[in-house]
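Pasting a structure here, questions to come.
Naming follows writing order (A, B and C), and every chain is counted from residue 1.
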């Protein structure tokens, strides 16, 4: 790993990867709870939450941490992947027949799907808040963007919604292996609790994406 | 000719080793750095010696033909290692271990060496535990023991069925530590091809780099050979495919002597042969005899039906089973020593009671123990062995009894060494299975690991200093001296000669043929006519080999065929010597069973009057007959008796 | 011994003259192979036939042929040690294949395991990792009585489970990242679970992991393929233990 700018051992990188991943998992939970406000016919629920998230100073500090987290998680993921590719310069002719649990081999690819989603998502919402992109929906009376109407407008387009659902499913696939892998990398395992950890991880990876997916379906119907 | 002076210290048996240590010469730390020692082999004896010598501060060069020191065949030892710890409070003592070993060896081993072995056995266990060897423990956290053949006490320490592996990994870890510290230099994938003798002393070796094919010259103030035994001579044996005796054969030709080559151990519990293509026999640990009962059918008709596959072992009712070991040897039962168990199996099969498609197999049955202890206990004790059996034979040993048959396993004979483990070439030592000293005519189970480690950890590091103390003024020699050049030339010549033959048959063909001759005439039962015939056959085969062997490729690259040819060429000479030794020894003792010399019950009949000596063979020169020397055996402490296990 | 039958196969074997040459797959047909024959014995038969045709035999590593020395390797039809669980190549038997099968045989592929010739590879990287810390620093002669250290049965058994590693490298061969984590973790766990190993535990894990990285093995992405292919069934919980040990060594 001497080629690396940051001279960090492979396990240290994995530990950072896991800590950041777990942090992002907590963020997802918060994000989902706010998004579920969209299910209320009254737009103020969602807009108030968005307003709070956009203006509160504590949240603003966390926003920086969050972005840092995202960037590091992605960066370390890419660095690790490059090393992993280099570690086997000559590939096998026969495809691997070794059994591995569902999707565990494809974290970098499901991660790429999540990244794609993130970029689209930033353009659609976050950059509007920053005023880098102009919103197609007129602002609220207090001058803040009307995210409820924006979301409702976007989700009313079937193509957008379907893309959204597909990309969020990618997130689900990414999460499927995430929790167990993170705890394994942190060395938090025990024969007694391994089963519970796996189940919690699977439940999380199903519930979170499902929560997100309900919203476009709600607007489409 | 070199004289056979065993250098056994004076004084009472129990004091000899401490007496020796108190008065031997030592090398001071500053001088140790100036002395180079070559250790060939990285098994239990080689790795432990190299590591211990490195720890003391000597400059060690360690050679192995495998890709890593951890692959040495000691790794395959399964059952355990003996030590006179008396942790089980069952009456064990140093004397008892010593006595059992001498008796087990049928009174053909050197008393002083064996006593010393028993004496240091406890320290081996202490050291291995300190190294982190995960020996089996009981629930209180103390070390557990099991019993092995030829003993009435439980003194065998074990790590599941992988004791050899764990002990070797322990020695390998110590060796690795010394490699990192720079006191040991490792030469893996290197094979020793000759010994360099300068002014009558061993001063180096010629080794071939098995990757590039280049010959290398290495200097050492002393050379230690720890390359194992010659069981692979039989082609089908429990040895690894690469196991060979070439290093010992080279030093033999340079002046070392070979003791008791006819003493080979045929292990009773191996998976039977099942096809002509077979390359290897697999051992099922002797420890299985703790819980497994050995039997064949009582009626020949049942045996016949079993061979034809008409009925299964399960169909034979309890009264129709002949537990022949329990019947013949009620005191030791299934735990009689290996030579006795092997012969008993052969006797039953020869009499027509054998099972399996070839009729050359007996049953080892775990059924009763499973009933008594539960399957999980048996699984815990022998899980890996049962798995191994199932993978090879495709039958579940928990449900059907295992089929086993004796196979060549170990060689008690080997390079003659004195009390200091030095051969007749000054400065050339020989350790472990490669030497002859401790096991006499038969080795007890779990004693090979003990001997290898005793030699490497606790004996050689002392005794070698007694020699090296007088070598401190000898500077490192340049390897361009004429002696090195001459020795290298002889190796090059031999390789060229082999390559030039350009015959039609592969090396394996000759190896297999040799194995067949050896097994037939120099195997479990030997007689004068057979041995004489074998000598003729081996000589003819050797001639054919040098006319008709085909080695593909060139010597300047990885060349497996050349490696094998070198080894087999030596086996073809050793085989003849083995048969000669067996012919000379007109008695039956331990693993050497001459059919002419047996009691009416078919037990060994020793001849202490004429054969209580070590047969030590000397190389007299090319085309000259080997010369037999004798080292008489004296027993001071032990009364020599007939071996009875009834 | 039961149901012996003769089989035929098409073998696609990687042939490479030496470390520097370019290799290629060569196809061989082989017939009359007994189903009870082991995989390496089948290769022996092939080699015998090649020698008889005056061709160079296929070079492959092997030694004990009873699944313990760890010298045999071979990536067979997409699996290290071939299509069976908990075995080494030398324990694989032809009855695990179907008559007429095509068998692709490759050397293990990883940057730290360069090919020496044909199917023979250089695994000295593993030795180098052990040399960094895979030992307890104890010199011969100074040990206390073996029973003066009490070790509970459970950790002693777990330590033995980890110590069973034969260093064959199947974990690296099967890992999509060519990671040596299972190998290193097995050795770290073996010592970490024993009281004798504790004094050097932190130093050991730090140095062994640093060496592993330096040698160019990939990283663990928790696919657990290594555990599936390990001939000795060494558990990935050892990897978690090593991660924990590493974290403690770095933090503490």
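We adopt the following convention: contacts are C-beta pairs under 8 Å (C-beta built on N, C-alpha and C of every residue); 3 or more make two chains touch, one makes a residue touch a chain.
None of the values given here were measured: they were computed from a predicted structure.
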Exercise. Across all chain pairs, which one has the most C-beta contacts?
Worked result: B-C
Seminar exercise, completed: Ranking chains by how close their C-alpha centroid sits to the total C-alpha centroid puts first chain C
Seminar exercise, completed: For the pair subunit B and subunit C, the C-alpha centroid-to-centroid distance in angstrom is 26
Exercise. What whole-number Å value describes the gap between the mean CA coordinates of subunit A and subunit B?
Worked result: 63
Exercise. Taking each chain's centre as its mean C-alpha position, how far apart are subunit A and subunit C in Å?
Worked result: 37
Exercise. Given the complex with subunit A, which residues does subunit C contribute to the contact?
Worked result: 12, 25, 75, 77-80, 83, 104, 106, 109-112, 174, 176-179, 209-210, 212-214, 216-225, 228-229, 236-237, 239-247, 250
Seminar exercise, completed: The answer for subunit B against subunit C in the complex is residues 48, 51-52, 55, 66-73, 75-76, 85, 87, 122-123, 125-132, 134-143, 159-160, 162, 165-166, 169, 172-174, 176-177, 179-180, 186, 188, 211, 238, 240-242, 274-275, 277-280, 282-283, 309, 356-357, 387-388, 391-395, 403, 457-458, 461, 504, 506, 508-509, 550, 552-553, 557-558, 560-561
Exercise. Residues of subunit A touching subunit C in their complex?
Worked result: 1-2, 9-15, 80, 83-84, 86-101, 104-105, 107, 177, 180-181, 183-189, 191, 194
Exercise. Can you list the residues on subunit C that touch subunit B in the complex?
Worked result: 1-2, 17-18, 34, 36-38, 40-41, 44-45, 47-48, 50-52, 54-57, 59, 61-71, 84, 86-87, 91, 93, 95, 116-117, 120, 122-124, 126-127, 130-132, 134-147, 149-153, 156, 159-160, 163-164, 166-167, 190-191, 194, 196-197
